[in-house]
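Consider the two complexes below, in which chain A is the common component and chain B and chain C are the respective partners.
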Partner chain A sequence: MATMKALVCRECGKEYPTKAIHVCEMCFGPLEVKYNYEEIKRNISRKKIQDGPDSIWRYADLLPVQGPTYLGPHAGMTPLVRAKNLGAFLGLDELYIKNDTVNHPTLSFKDRVVAVAITRARELGFETIACASTGNLANSVAAHAAAAGMRAYVFIPGDLEAAKVLGNLIYKPNVVEVEGNYDDVNRLCSEIAGEHGWAFVNINIRPYYAEGSKTLAYETVEQLGWRTPDQVVIPMASGSLLTKIWKGLHEMKTVGLIDDVKTKINGAQAEGCSPISTAFKSGRDFFKPVKPKTIAKSLAIGNPADGYYALKATAESKGSMDMVSDDEVVEGIKLLAQTEGIFAETAGGVTIGVLQKLVKQGTIKKSDVTVAYITGNGLKTQEAVIDAVGRPHRIQPSLVSFEQTFKVGKHGGGDA
Partner chain B sequence: MPNMKFHIRFPEDKIKEPIIYQIGHEFKIVTNVRRADVRETTGWMDLELTGDSTEIERAVAGLRKKGVIVDPIELNVVE
Partner chain C sequence: MIKVRIPTPLRPLTKGQGEVEAQAKSIADMIETLNGSYPGIKDRLCDETGELRRFVNMYVNEEDIRFLKGKETSLKDGDEVSIVPAIAGG
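Moving on, here comes the complex of A and B:
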């Protein structure tokens, strides 16, 4: 169903047709999708959603695609885990983890946005899909392109770690290693997107791509039994994820799926790259770009495109923002793994670290229904915790050696 | 004629300098400011440069040499 009305400038409000454009020709502001909510309201219902596919596409009425062919059929509908152990540790009665470490096909929330981007790109007639990435986005674009039979170009900085390069090469896209740093890749990709007729998911397809993040809000509400949480904690890189979760919650109210939105939106960054959180804590409505220096590389965007809008959404919701050190990121990863059995990448450590801070500050209260968004799998960033998890217990191949090491008797018990 | 869009930022000590005027004279390009916010201690502009590609590249290098930070209009696109 085509429910898109137009692309609209987030600054001046000028409208454009729903093509592969992302910048307002009048004021150079970013474009986003405008929907026909009246029509959606007439067609959508809780039952229709629940009878839909077990993926983000159950919310197709609220996504910027025409359908009915959807690429990326397995993205979304990840578990909303009732985190009783972590909740008890932090002093929260009702804490949930939205677990995108098991999102498909590439184990990060990027599969949501890329599924939407590649579907829209195909609808617009593109045969080549591209992105500029240092990690999760590249994996997701390469995998989705392989499954869709589309040509893919993935641009990476020349100094990217070997393991991350391999994670892309396996899908056989054209991996382009640019001799230069992050800024050089950034500038080159912006130029290529302007010159070639390709679908750059996070450049000229960005208005559609970003909308995929709204599905995290929709799923949260549905999985909570059509309730909105009181508090959410969201990791911030470009700030887009936070703004789209806020937008998604309000859309559910607009189309009549829920009565009200009382959710407070909280943003999380690492201290080594915290332009948005720093601005928020300083009471500024603008951020100062930074040079990232943090182990949370998936959040290391020093000049975030949606930083201003993330500040605005957080202020509107009366939420908060904070940041954590790299040591706290590692502790956050360990805490989540050891209480809930969920191994998150570094962004997850940022979310858990900031959640802990907000609870300690009293910003999030014991009785608040709270959701923490865990956006990527820990197997992708094992290097971040390699020195923080200890070593295996080495024993001789004998029962005596085992029992001496673990002080364990015939009836169990005992630790080394 | 090629044109490119940039988001440029001025450090505090450059705010009073007529940098856009200067690059318009130093390079064969047309400068077109479309959106801006210049305050006492900080300033940014969304700027369009029109001209030959090589001249635009030279103008960007010229802006950087004057201490201005030049980013694509999309800001950071590497995710």
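Moving on, here comes the complex of A and C:
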């Protein structure tokens, strides 16, 4: 849908054409897509969305692409799981898990943003796609590029989990491992993006790319029966996801899909990299960059681009932020797996850990309809839990060996 | 001499050059020197109070100046400074 009007600077309001640019040349503020909401309002309806494709593209009216050809046609519409067991454990009446561990094709929420970014990049005429990534984004860019027949360069820090490295190589992009942390990778890529005419999804394509995260808000509301949740808990790396979920909720009101937004937005970080949560807890509206040191590598951004806006969105919504230790991250992963059968990556452990903290503090109340965003798959970060899950029971292939180990009665269950 | 890498949004001011040289003892000093050679560049980097704008990051030899001494970070011959828009990544 051609509903984009311009790119506009969030800081000074200067407008630009909808090209591959991301920074205001006057004040360095971030550029954001400006839509014609009046026109969208006339065209959109709950029924039109429900009759649309079973993917993020059912919300194409609110996404920054021309269409009608969409790359990444299966991203999104992941399950919103009613988490009765975890809810009971935590003391919440109505808890949901938005389960992006099963997003298509690379098992993280990044499939949403990359589908939008690569669609837009193709529309703008690019043949090479690139990114700076903590892992999940690179996997998604590599897979989408393979399917679209585009050249790809993915830049990753030198210390990523094995599955996230392999999850790039298999698609045969150019994988560039940078000796440094994500912030080093990101700075380097910002400089490379200025020199090469590539579509860097999270640099010069970022105004479009970031909009893909809004679909997590749209889907949640639709899957709740066109209700907004009372509370959401969102993991934060750059802070972009949180900012865009807040934006998405408000857009639904603007275009008449819902009457009101009463959602409190809560942000989650790991203690070893919590510049945004730390700023929030100290009552500051600016963050100090940090050198990350946490097992939650997908969230290890010490210099978060959207930290300022994440703080603003959380404050506006009267929400909160918190952080958890690496041990609590592991406990969070295990708790979600053992109560709901969902194996999340470390970012999910951060979200569950912070959810638990916010409930204990009384920030999230028993009757609050709560949604926790689980954005990546645990099979990609096995190193984080490998020493915390025990070993299989090894037995001989005989009935005696089995029964000696398990002491199971004839009609009852039993554990070893 | 200090080498300064200029980001795309500032290149109209440096006649398209992606890298320029400056003689400077600190970041603050470098900004003044650059402004002498490329008038207007200071206003783009700093707000009305003279502080670096929120969305401008600077690095000396790949290290963020916020981990050093900010604008007072000293520079020596051969140092490389990168000016990078803050909004990227994630």
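Everything below uses one rule, namely that the second predicted complex is superposed on the first by the 400 of 416 C-alpha atoms of A that agree within 3 Å, B and C clash if a C-alpha of one lies under 4 Å from a C-alpha of the other, contacts with A are read in each partner's own complex, and residues count from 1 in each chain.
Note that a residue touches a chain if its C-beta (ideal position, glycine included) is under 8 Å from a C-beta of that chain, and two chains touch if they have at least 3 such contacts.
Bear in mind that the values here come from a model prediction, so they are computed numbers and not experimental data.
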Query raised in the report: What is the contact status of A:Tyr182 with respect to chain B (first) and chain C (second): first, second, both, or neither?
Result: both
Requested in this report: Kindly classify A:Ile301 by the partners it touches after superposition: chain B alone (first), chain C alone (second), both, or neither?
Outcome: both
Query raised in the report: Touch check for A:Pro157: first (chain B), second (chain C), both, or neither?
Result: first
Requested in this report: Check the residue A:Gly239 against both partner chains and state whether it touches chain B (first), chain C (second), both, or neither.
Outcome: second
Query raised in the report: Where on chain A do the contacts with chain B and the contacts with chain C coincide?
Result: 11, 22-23, 26-30, 132, 182, 186-187, 189-191, 193-194, 202-203, 206, 237-238, 286, 288-289, 301, 303-305
**Report entry** Interfacial residue positions of chain B with respect to chain A in the complex
**Finding:** 4-5, 9, 34-35, 37, 42, 46, 48, 69, 71-79
Report summary line: Listed in rising order, chain A residues that touch chain C in their complex are 11, 22-30, 132, 180, 182-184, 186-187, 189-191, 193-195, 202-203, 206, 210, 237-241, 286, 288-289, 291, 301, 303-306, 308
Requested in this report: Would you tell me which residues of chain A are touching chain B in their complex?
Outcome: 11, 22-23, 26-30, 110, 131-134, 136-137, 155, 157, 182, 185-187, 189-191, 193-194, 200, 202-203, 206, 237-238, 286, 288-289, 298, 301-305
**Report entry** Footprint of chain A on chain C - complex, ascending
**Finding:** 5, 7-10, 12, 18, 44, 53-57, 59, 62, 64, 66-67, 82, 84-90
